[in-house]
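Labels run A, B, C and D following the written order; every chain starts at residue 1.
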Amino acid sequence: MALSDLDLSCRIGALTLQNPVLTASGTFGYGREFESFVNLHRLGAVVVKGISLAPRRGNPPPRVVETACGMLNAIGLENVGVERFLAEKMDYLRGMRATVIVNILGDSVEEYAELAGLLDGVAGIAAIEVNISCPNVKKGGVAFGTDPKMAAAVTKAVKGATKLPVIIKLSPNVTDIALMAKAVEAAGADAVSLINTLLGMAIDIRSRRPRLANVVGGLSGPAIKPVALRMVWQVARAVQIPVIGIGGIATAEDALEFLIAGASAIEVGTANFINPRACEDILNGIGAYLEANKMTSVRELVGSLAV
Amino acid sequence: MAPMQLKAEILRRETLAPDLIRLTFLAPDLAAAARPGQFLMLRAGAVRDPLLRRPLSIHQITTSGWVQVLFKVVGQGTRLLAALAPGQTLDVVGPLGNHFALKSGGNLCLIGGGMGIAPLYFLARELQRRNPPERVVPLLGARTAKELRPLADDFVALGLEPRLATDDGTLGHHGLVIDHLSELLVSGKPWHIYTCGPYPMMRAVVKLCREQGWHCQVSLETMMACGISACLGCAIPAAQLDGPYKHVCKDGPVFGAEEVAWL
Amino acid sequence: MALSDLDLSCRIGALTLQNPVLTASGTFGYGREFESFVNLHRLGAVVVKGISLAPRRGNPPPRVVETACGMLNAIGLENVGVERFLAEKMDYLRGMRATVIVNILGDSVEEYAELAGLLDGVAGIAAIEVNISCPNVKKGGVAFGTDPKMAAAVTKAVKGATKLPVIIKLSPNVTDIALMAKAVEAAGADAVSLINTLLGMAIDIRSRRPRLANVVGGLSGPAIKPVALRMVWQVARAVQIPVIGIGGIATAEDALEFLIAGASAIEVGTANFINPRACEDILNGIGAYLEANKMTSVRELVGSLAV
Amino acid sequence: MAPMQLKAEILRRETLAPDLIRLTFLAPDLAAAARPGQFLMLRAGAVRDPLLRRPLSIHQITTSGWVQVLFKVVGQGTRLLAALAPGQTLDVVGPLGNHFALKSGGNLCLIGGGMGIAPLYFLARELQRRNPPERVVPLLGARTAKELRPLADDFVALGLEPRLATDDGTLGHHGLVIDHLSELLVSGKPWHIYTCGPYPMMRAVVKLCREQGWHCQVSLETMMACGISACLGCAIPAAQLDGPYKHVCKDGPVFGAEEVAWL
């Protein structure tokens, strides 16, 4: 059976993706950075670096530090802003026939809504992924993603501003992630994706200073996979909407664990840095597994965990 | 030239000094594309710890498709690279970043400290092709003779006359490589400077260049997660401090000294 | 300067420990298991495997699985019960002149209090560490450690039942660990220790079953160190009582990061499995660092982070 | 004998078959203390991934203080152990666990499958010292001749006459090692069985022993985080299913067949 005979497609709200392998925001630039490594049109979708209303210069360096089987980043959401994104980045992605999901971030509910409105109806944009791990500036800097009410408010506002499918990207830095997922589902989210990075820190014992200028940063990579997988499993059992699994996925085996746990699709993050071809390798590996297990559709696998 | 991802066969591993390794591997397409100043992101094998690739400058290429890197073993990543034996494969992404602008004519001076010498050798060869050897002056410094001699010899073999300095005085001038700069000053000529090495050394070089009005190209290092302009981790402050950051893997590693902040 | 000239002592409530290197509960047995590797009397304290009122047989196997730079365990709090612990394990520890901290766990507030009462006044027991990452059976199985009120209730009950210093061991599976720390501080805790394990999961893609019979388990080891360090830093800034840092500490460098972040002492967990001599190696390394940095007391280091 | 933690020098690395490695290292105190059936927790070096030590049975010891382990390369942990070269050091904790009870007299049969043969060699040598060789009967099975022959040869060199079986029929009986058990049955004698190997094999052996009323010692494997009875990760169900679990690293790895559950 050739890969093309397999049904790898998955649905995220009204959107059908050709396969479940997506790129994680912030680890794949605006797509073009990977043009010599990956066939962008083969991917389920390219989720681009988080976009804000105004351009952001991000945090001062150092911004990244390696940890055991992982890395911390405090990029600080550096991005070109929505205007330049639409003017400079979308043409290329359209030309490559990539399915584009735009990851957005804001300081207030209103900013999220405004951004969603600006993206609505733009040719080539298939969906919006909402990063709610950002501080709510109006609410004393508590992250939207740690409070079910604020998360629901963002979801409602974004849904009200766009006809595009809306994916809410959940923060893992919470007591009960299933509760968060249910809150955004009730508020109209078409899907949830998780996890964003775990908040972490590293110290240089020589200088006795934080290794990141921002002091704390987001932990990603294989180190966090067990936590991510547990959360995906918990959320998949709690909501009816599709779940996109993220966190430490570096191989097809990793991706398969998330699908079996209940994820309809997955996003590959940090692994892109180490193996720029990771997304295609993972896609091929999922196909091979389905064949070896005599499955014809990836949906047979989704949530197939026998507990 | 778009970067590629490839598995290259190790042809040779040389231990030039304790913990100073030169790896030669076969990568014809890479060799054909590489320019002096560019770097590679390397991985010894599919280990998850350390997680990230390691950036190393391109030290030398040959027309037969050989590529060399020269590095110091400082931690686990370089230790794994140093353990590769001929016949094993090296996982390579590159060539990455911009490159030195190759001048033809004028008085050219290459100032390298420690492992900063690695990319300067490739540069020296390309400059030496375009310029009379006496117009290409390498100033090379390292901690000690053991480290510096093998590197210096390569420059001599190119027909150049490197001025040397070691921290412990075991080879060349006993002191800093930048002490040699006074010779350039004395010459009264305008110089075009290329430099790569420890930050304090480069800052001193840049200061002098600014005073003298000399043009100066610097090759910078920073922590890098990807090397391919995807993570935005390699930010450094630009000369205009409140402007957008520069990204070493994309806007660099080579910068005009005036482009970046010297803090 | 010899190691003996350094002041490595640290205070945990009324208790003074000779040095800040403790063993983490559940990773050091009842101490005797390490007799041929470590001089027990040299350690800051031996924190023994969690003890419950009645013996517990724990979870069915498989109970452990390796992950990237970490491991998941679902031992299920197997232990001999308080009666046998006192009858069979304490004599040896007293004989070794070890400073013993007993880690306790329960299904209800009352159980915790009863246990604390049984340990009160027992010769050789220096303090009680309360594991609140256990499900509150009376409250639908929500972990005590995820709710500030329940955590405070346990703290109060334990404090009321014993004159021994009480250390509350915090769960990292919460939105705001500083809030939890403040709640138990207000309830009378003499110190807090953190972190317990992060909840995680792993799946066998061949059988499509969880790798742990218990489905989910606790993630420990170097993988979690960045998260643990961040939480210790947050808690140390939020409370006045001493903080004991735990999570992925395998070397003296790791331990120093926690001390610099604000921990008065540290506990070594999973590292004991890999290097049974880890505690003494770490103790020696801390001494060497203090000497190299011309410090005479470990307290100069605690909380010395320059942010 | 209390376990020790030591760094041992690798003396020899033999590749007996593809992915079948025998490592010999120097550890006199360990060799003096070790008993057949005990195991070691090993680490190739200070890597954090894989994190845990790997349990391997003691395959052989010599009076000159050499210790051997015999293992199959199945994943990253054994791969790193297999990469150790003579002169390098192996990080060892051991000897761990209980040991086989050594019988003197009676009819003794050792049934080993695959890597389960590793501890049986040490056992066979000790039994052979205490019993006439014809009373010590090894039944050894593996997937294929390549794997089995080097192991079987060692038993022959001891003066024993192993009965062999391979899954593919390339050496000895074409089929399961337990098919040889019928020979024991035919003999009409009571046997004392020692067995180590794949779980289904041991279960079949245990079933027969129970039927025949033969005594049977089994050596079990399980996932282990510590090997020193600190983690409680190595639990297995006891014969009395609702009783406390047995712990392979402390109560085992050798059990009387009747002590544990056969599920």
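The rule is short, and it goes like this: a residue touches a chain if its C-beta (ideal position, glycine included) is under 8 Å from a C-beta of that chain, and two chains touch if they have at least 3 such contacts.
Everything numeric here is computed off the predicted structure, so don't read it as measured data.
**Q** Please report the smallest number of touch steps linking chain A to chain D.
**A** 1
**Q** Which chains sit in contact with both members of the pair chain A and chain B?
**A** The common neighbours are C, D.
**Q** So which has more C-beta pairs touching, C-D or B-C?
**A** Pair with more contacting C-beta pairs, B-C versus C-D: C-D.
**Q** With chain centres taken as the means of their Cα atoms, state the distance from chain B to chain D in Å.
**A** Here chain B and chain D have centroids separated by 54 Å.
**Q** If you average the CA atoms of chain B and of chain C, how far apart do the two points sit, in angstrom?
**A** The computed centroid separation for chain B versus chain C comes out at 47 Å.
**Q** Just curious, how far off is chain D from chain C if you go by their C-alpha centres, in Å?
**A** Going by mean C-alpha positions, chain C sits 36 Å from chain D.
**Q** Residues of chain B that touch two or more other chains: which are they?
**A** In chain B, residues 48-49 touch at least two other chains, as defined above.
**Q** Please list all residues of chain A that touch 2 or more other chains.
**A** Within chain A, the residues that touch at least two other chains are 68-70, 221-222.
**Q** Indicate which of the five shapes (line, ring, star, complete, other) describes how the chains touch one another.
**A** complete
**Q** Which chain A residues qualify as touching chain D in the complex?
**A** Answer in residue numbers: 68-69.
**Q** Using the touch definition up top, name the residues of chain D that touch chain A in the complex.
**A** 48-49
**Q** Enumerate the contact residues on chain D facing chain C in the complex.
**A** 2-5, 43, 48-53, 93, 222-226, 228-237, 243-245
**Q** Would you mind writing out the residues of chain A in touch with chain C in their complex?
**A** 67-70, 72, 146, 173-176, 198-203, 205, 207-210, 215-216, 219, 221-227, 229-230, 233, 248, 253, 256-257, 260-261, 289, 304-307
**Q** Given the complex with chain D, which residues does chain C contribute to the contact?
**A** 26-29, 33-37, 49, 55, 57-58, 60-66, 68-71, 73, 75, 78, 221-222, 250, 270, 272-277
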